[in-house]
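First the structure, in the form of structure tokens, and then the observations on it.
By letter and in written order, the chains are A, B and C; residue numbering begins at 1 in each of them.
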């Protein structure tokens, strides 16, 4: 009976596994394989070689793009977390219980707009004749409109706009997990409100911060749309470079190598933070 | 002092809300712009861009494609995810941890890489790009999520309901369709809805795998590259409106279904 | 450490929809072990929260050794609370948890470590300072919570249903532990519970709360053997309660069960309510009361005694007979009352 049940279990799980194999594992293998091919004379040369990797290791444009990616994502993670934490804290502890879900909903709803259109909206807001510049000039704060669009600043700003929402949700979730009694017990034992925050609340909310930061990192580093639309073509990030190889150069092998680099970076970050990547309550 | 601190909190909250809402408000407001450019000053309100949107056959077609791809890929992700979650939780096959890990792995890979991988594979197999490929791409990115959501809803207590059904003579298929699915319906619906929502606005995989028939995000992208006007604002607002309606519907349905299959 | 005297003066706690405490006044003797006993909804948890400074009374005040502490925060009061779910800090070690209060008082590390070791020894967990909370069992966590509260030398220790989460054997063990620690430390203990047996094994003094008011108050013996009200009689163990009228001799009463001797004398014709504990009903008629014949509906042998439910017509009695008795289900027995163990109580039998 047990034996038959386990077998039946495989029948149910089978389709999902096969689909994952066919639509994920196989393509990933193809990517690895393709990265070992070369593009020569407009065709793909299938002799295996590490040429693309050598190119990655030596080409300064690629290094620059990689460096840009990491910088942009790092700045995004830092600013998103710094802005989101107080916000999540206020919602979790200062907003009346019954309004909390609504407030969170209001932070999420704006992102149900089309990603592409939203990115363009940022472009318009940041443009020389956009809302921000026009307001600053008319209030007399600056004399001339300044360039914000098509810069790294714009990319980070647009990213932070989205990821503040993500981190707010994860930090809020982990703050809510903290039993209320802990703060009361600490106060009873003489802790000031600041001590309670530094010694109890903050340490116990770190998982929420880490999960938020991780999600931000993974999603941002592989994002093509925002850098392309608001960041412009000046300081390319890795996804943009990859798309360039695909659409303009037709160099799939090189693009594949870049894709692998992206994968490895994410895997490395995951390995480092895996231990902390859970919002479960510590018992 | 407490009042000042409390005041500061409210100022902060309002600032953040302002920051978050600004581009979106600007998007929606300027979709009603009377002149061409969706920049200040606001010259509306006017519905001309909505008219233009609905008159744009490529946009409407792209919208229809997005919905179809969303529904189909959502259905398959949810169905496969449900079966896998059910099989794992109830039948406990050996290697359960490995199975879970395998199904969840795509979550850790950027859509860019997944789309690229599928594109390269399609080339190797000499498969032309099409909406079918886009649908497949969306299935693989949403399968882990649907699986995780349904799995998280499976409780040990519910297994007793299924055992009771078997005890009373129900075959496996009946147990699944008449007992398991009804009880899990809120989770299944949540999974479907999330899959639909993520598929519907997904750009990069669709970009890699679509051919001439495109999804809405791609069409918007194309039009934006050629010229900026408020029509895309109208498209964006429409996407927003549809998402709002779909998710509100989901919430209402979820509540209704939860009441019915309420856990005692 | 010396325990402080606690004075609760006319405390009222009013919520929008109900009154949790309705004018509670009591004095907790310095150094005593006082148990506040009551069913859920009695207001006992509210009272403890007010004593600890986690809630404010709507009116009335709290004094510790004569000093009014009503408006003081928990940290400012000489009280410390042990929470029902222990509230141990999950991200700190045992040592860090226990030493937390001293850390907040800016006690130096060396002195702190020493004190922590001492207190852990006292609760029987001497070498656990470096362990993590997650590794400990329920009983061990309970002691850590106790240690953490005692290390700051409170004049009054407040315990909120501390033994609720433990199984029976562990609970009995911890009751002995609490008594031992209380004796060696000397602090005033105020312990809230709904468990009547627990209250009797721990308390010097029991306060019975019901619907926000004090129902009865006194030593375990007094409360058990001479309950003030019908509710208190039925809450502090089992009891058979009946109403009757005083007979013309003034020393006994007519009840639907039969004639029962009164503890003292009263004027004839007065309506009275009597409480008779199951163990005070005896086989055979007695001078203190003849209750006639009853049919044994259920008989269970519980080791130390027999527990019987007997019936006559619409009346049922709960009876405890000694181990040596051999009454069986279906038998018919005659019951009497032991000496003057029927007690006069206030309130009605239901």
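Here are a few things to note about the model shown:
Throughout what follows, contacts are C-beta pairs under 8 Å (C-beta built on N, C-alpha and C of every residue); 3 or more make two chains touch, one makes a residue touch a chain.
Note that this is a predicted model, so its numbers are computed, not measured.
Taken as a graph of touching chains, this assembly is arranged as a line, each chain contacting the next along an open chain of partners. Across the assembly, the mean Cα position most removed from that of chain B is the one of C.
For this pair, chain B with chain C, the centres built from the Cα atoms lie 57 Å apart. The geometric centre of chain A is 18 Å away from that of chain B, both derived from CA atoms.
Across the complex, chain C is touched by residues 179, 181-182, 184-192, 195, 199-200, 203-204, 281-283 of chain A. The touching residues of chain B, when paired with chain A in their complex, are 6, 9, 12-13, 16-17, 19-24, 26-27, 30, 38-40, 80-81, 83-84, 86-88, 90-94, 99, 102-103, 105-106, 108-114, 116-121, 123-124, 136-137, 139-140, 143, 147, 172, 197, 201, 203-204, 216-217, 220-221, 224, 228, 232-233, 235-237, 239-240, 243-244, 247.
Taken in their complex, chain C has these residues touching chain A: 52-54, 73-75, 80-81, 83, 85, 87, 89-91, 100-101, 104-105, 133-134, 148, 152. On the chain A side of its complex with chain B, the touching residues are 5-13, 15-17, 19-20, 23-24, 26-28, 30-31, 34, 83, 86-87, 90-91, 94-95, 103, 106-107, 109-110, 112-118, 120-122, 124-125, 127, 129-131, 134, 161, 164-165, 218-219, 221-225, 239, 242, 246, 252, 255-256, 259, 262-263, 266-267, 270.
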